[in-house]
Amino acid sequence: MNSFLATVRRDLLLAMRRKSEVLTAVFFFVIVTSLFPLGIGPEPALLRKIAPGILWVAALLATLLGLPRLFAADHVDGTLEQMALSPSPLGLLVAGKILAHWLLCGLPLVLLAPVLGVQFDLDASALGILMLALLLGTPLLSLIGAIGAALTLGVRGGGVLLALLVLPLYIPALIFGAGAVEAHIAGLGAGGHLSLLAAMLALAVFFAPWATTAALRVALE
Amino acid sequence: MQWHSIDEFFAMGGYAFYVWGSFGACALLMFAEPFLAKRRLSEVRQSLIRERLADELELQQKNS
Amino acid sequence: MLNVSDLACSRGERRLFANVGFSLAPGEWLHVQGENGAGKTSLMRLLVGLSPADAGTILWRNEPTPSAEFRRDMIYLGHHAAVKEDLTPLENLRLAAALDGIELDEHASMAALIRLGLRGREELPVRVLSAGQKRRVLLARLLTRPAVLWVLDEAFNALDVSAVKLLGELIGEHLAVGGMAVLTSHQPLPVPGGKALML
Amino acid sequence: MRQSIIQWFKFGSPQSFYPLAGRMIPWFWAAAIAFGIAGLWISFFVAPTDAQQGEGYRIIFVHVPASWMSMFLYLIMAFWAGLGLALNTRVSGMMAQAIAPTGALMALLSLWTGALWGKPMWGAWWVWDARLTSELILFFLYLGFMALQAAIDDPRRADKAGAILALVGVVNIPIIYFSVKWWNTLHQGSTINMNKAPSMAHTMLWGMLLMALCFWMYSIAVALTRVRAIILERERHTEWVKHAVA
Amino acid sequence: MNSFLATVRRDLLLAMRRKSEVLTAVFFFVIVTSLFPLGIGPEPALLRKIAPGILWVAALLATLLGLPRLFAADHVDGTLEQMALSPSPLGLLVAGKILAHWLLCGLPLVLLAPVLGVQFDLDASALGILMLALLLGTPLLSLIGAIGAALTLGVRGGGVLLALLVLPLYIPALIFGAGAVEAHIAGLGAGGHLSLLAAMLALAVFFAPWATTAALRVALE
Amino acid sequence: MLNVSDLACSRGERRLFANVGFSLAPGEWLHVQGENGAGKTSLMRLLVGLSPADAGTILWRNEPTPSAEFRRDMIYLGHHAAVKEDLTPLENLRLAAALDGIELDEHASMAALIRLGLRGREELPVRVLSAGQKRRVLLARLLTRPAVLWVLDEAFNALDVSAVKLLGELIGEHLAVGGMAVLTSHQPLPVPGGKALML
């Protein structure tokens, strides 16, 4: 357990050392959501309609963008080897890295989403659902993404291959996440969507660190 | 049997493009795929045979 | 303690080695020798459990590796720097210890760095250090992580004369208290005794 | 117990599997052709014109088998991959690798025939409905699997990495299958137009089943051919391969 | 000139060696464009309206995703140092790398766009304008992106910082590119937008390789 | 030909060296010495023009560097591998030459690789080669790229005994036909003569 916390602390420290990194994930989210009004035009009714989808896609891409770095740096400089050989179980260290990734890439998005949602003219209760959906969804994105990052580690064509592997797996999260907000706006109640998201999250919390660890061992062979 | 003529059969009640497009694509791809698989197999075989020949030649040269 | 028998390894279609066997008792060390590409690094990676062997067994305290006990008893430093370029040597050392589940106080880590001649560089990011200084940061872990078996792959690379001497002394001290070591190097090693394994 | 399982999988060694596959392939081809002829006969000459869709509905006889096979093959592929991961048997990974392209082909055919069907029936080549989308995801999963394996050149590592991906992707299959139930969408549910005269429902069902059997046998035959090639490629430096290819 | 062509050939060869790489950039484009309908919902009229914007944003992100690798690999393994010291002018080599990047990441998008446009129910003439706009726009994206890639080379927080630098510069391309298609659909004629795009491209062809080279020299110091 | 005077370099607040000067005539070579972190790598990077000096001048054929002529006449091999891991040694060599604007035929590149003991590895991706073999691929460029001044930073690292000897011979041959070389190494160098510069 100690080494789990140590990993989280370490990854946060490393991120802080590269000061810009934490902020820029957030900036990416902001910029992408702002690009659409530019590409699509400023009609408010249209924008309100597409807001949940766009926010979710942006969150998804922002997560994706940070994924290749999740293990790559540790792999290149040999730290990952050291982790695999460490007396602490690798699964624990991996879980720590995933948590750190979520704290750096996922949590800020959750906190920022309402601000951006206001730009798109969503009302308070819809914003609440949006935050809730992101709170359940972003850890799911980090967990699934970690599997992909581990699988493509050291593989030629890294980043883009990663996107190819991970994006299809993200789609259910996207559908239910954006669906929750849309259902709420349409007055249908978001409960069903949210509980499906929660179920997927529970499943992923169990299996993703395990699959990631297995994939990392393969990559190190 | 509901077709009165061969033309009617090919016309497919006005859906010729869609029906034959579907069946045609299936036929085409399902013809091409085994062909490609077989070619892959025979390519490996060929290169293995070539390698064996080279081995034998090398052996002969050594012996003589 | 360490018993290796009948180890075999192939890469691609090339058989690198087969029937490699040796054993180490406390206080002994092994010098793995061989020309470039002979398979020294591959052997070490098999030994520590990073890649699976084609055949053969590796026993540590009479149990097959990789066991949890083996991981606790062993430290492996390879070709890689395995240090974070953005962190200082001090932070690197302490975080590496934390990941291994070891509490390391400031005092002990400072002492290790000073012993390795990094005085005055504790607070610089590793990124700006010279090639030899980076290796020294890595080697400092030998002092802060208690281990019985040291597996060092070309640890003498990039080190200057005094650092080579220092590392020789460290290994000597380690052996004197019943430690074991497996080393590779293309240079003559400043450690007396030792078995040799030619690949 | 474990020992006997391992013993059993010795039969699954490439060396004994290669000739076995060679002997089985013609039979599967024969079965595929027989089922195919019977299926096509029913599709075009026995099954009557549909009251609502006219002749256009005949696409069902390739669309449904292709859709079924695309999902079924994924499960089989994941099964082999998982087996390889768990028991470290060599043939398993090769089987998974051999099945993937055929599975991708089936997914592509499902998409293609579905699109060709959608245009006359729904008035659009493509709609973003849940089943269509999840089938598209399935196609991408196949492609991802193949791309990942192609990107790793050590076959043993490629097998393991591919296996993990295949197993993770299995969650998509129930989503495709139940998508029609879970969401109200454009795509048909499990029973379409079957409430006509019983005889018609029967002929349609028979046609679909025969065509599905044809697709199934075809898939096995092609996968076996491909696995033979893969076995030779990977084992080309063993003694037995040199003897096998005389 | 010889070394210019050699660079192009080299980068293409490297990409081919990582077989998946070429295809996956394209797949990313396809997947991203498919994500939006999933998040937004399947209403065809709505989709047709936002199609140009979405296609352009996707093209932009697909280009962006490949950018960090433009110089990074050559930097890490020291090849870039060798290029800077090579007897051939660095600017020429850099121009070669940019061209190769466009051939690999930009051109396929241009060719693929109509296929995806059909999915969104755009008509033939709109598709033509879309392709033309992308043909002018994607080289612009590669050229501008190269400056950003060079500026963030070896800088901590690379990928995300790059996105932060480059996306704002991409916005004009996005506005005029998507605008061209929208104007055409609205019956206003796309000429103005397209000629503005062409003008920006001409400017970039002159200055971007020069700026990139300068930035690379700084990164190597 | 190469005249260096009054060179100074500082990193952070640390002055690494100042007033460094030397000159090389055809057939001469310089051994830059100093402990880890003394500034050898920094000096070499100044010399070849990768980073600017705080003070001092570097003249090549009486012209200040970096000139186009200097770049053509000089080859620098540093700590980095500078080879593409996805390509084969053969492709690496030929593409490197193409970037330098040199036509290199299959025969010449093959000969260079064989000279460096990479027989049988021409068609493997560099990724799977051993540490020493990767260095050899890099060093093969010394044979395929005609240059007057060789600047080699710890080129003897990771090489086995026979490769060290071979590189020594290569440098010897290069000097014999009027070449020049600037070398660093912590090991004794198998090249006779040479000026020494202690940092």
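Every chain is named by a letter (A, B, C, D, E and F) in the order it is written, and numbering of its residues begins at 1.
To be clear about the criterion, a residue touches a chain if its C-beta (ideal position, glycine included) is under 8 Å from a C-beta of that chain, and two chains touch if they have at least 3 such contacts.
What you are looking at is a predicted structure, and each value in this text was computed from that prediction instead of being measured.
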Homomeric contact chain C-chain F: same or different residue positions, threshold half: same
Inter-chain pair with the most contacting C-beta pairs: A-E
Length of the line joining the C-alpha centres of chain A and chain B, rounded to whole Å: 44
Separation of chain D from chain E, taking each centre as the mean of its C-alpha atoms, in whole Å: 37
Separation of mean Cα positions, chain D and chain A [Å, integer]: 32
Residues within chain D bordering two or more other chains: 133, 140, 143, 147-148, 151
Residues within chain C bordering two or more other chains: 79, 86
Residues within chain E bordering two or more other chains: 17-20, 24, 27, 31, 38, 41, 156
Chain F partner contacts - residues on chain C that touch it in the complex: 11-12, 34-41, 79, 117, 121, 124, 128-133, 136, 154, 157-164, 186-187
Interface residues, chain B side, partner chain D - complex: 1-3, 9, 12-15, 17-19, 21-23, 25-26, 29-30, 33-34, 37-38, 40-41, 43-45, 47-49, 51-52
Chain C-facing residues of chain A, complex: 2-3, 6-7, 9-10, 13-14, 17-18, 73, 76-79, 81-88, 93, 220-221
Of all residues in chain C, those that touch chain A in their complex: 48-52, 68, 71-72, 74-76, 78-87, 91, 95-96, 98-101, 125
Of all residues in chain A, those that touch chain D in their complex: 144, 147, 151-152, 155-157, 161, 164-165, 167-169, 171-172, 175, 203, 207, 211, 214-215, 218-219, 221
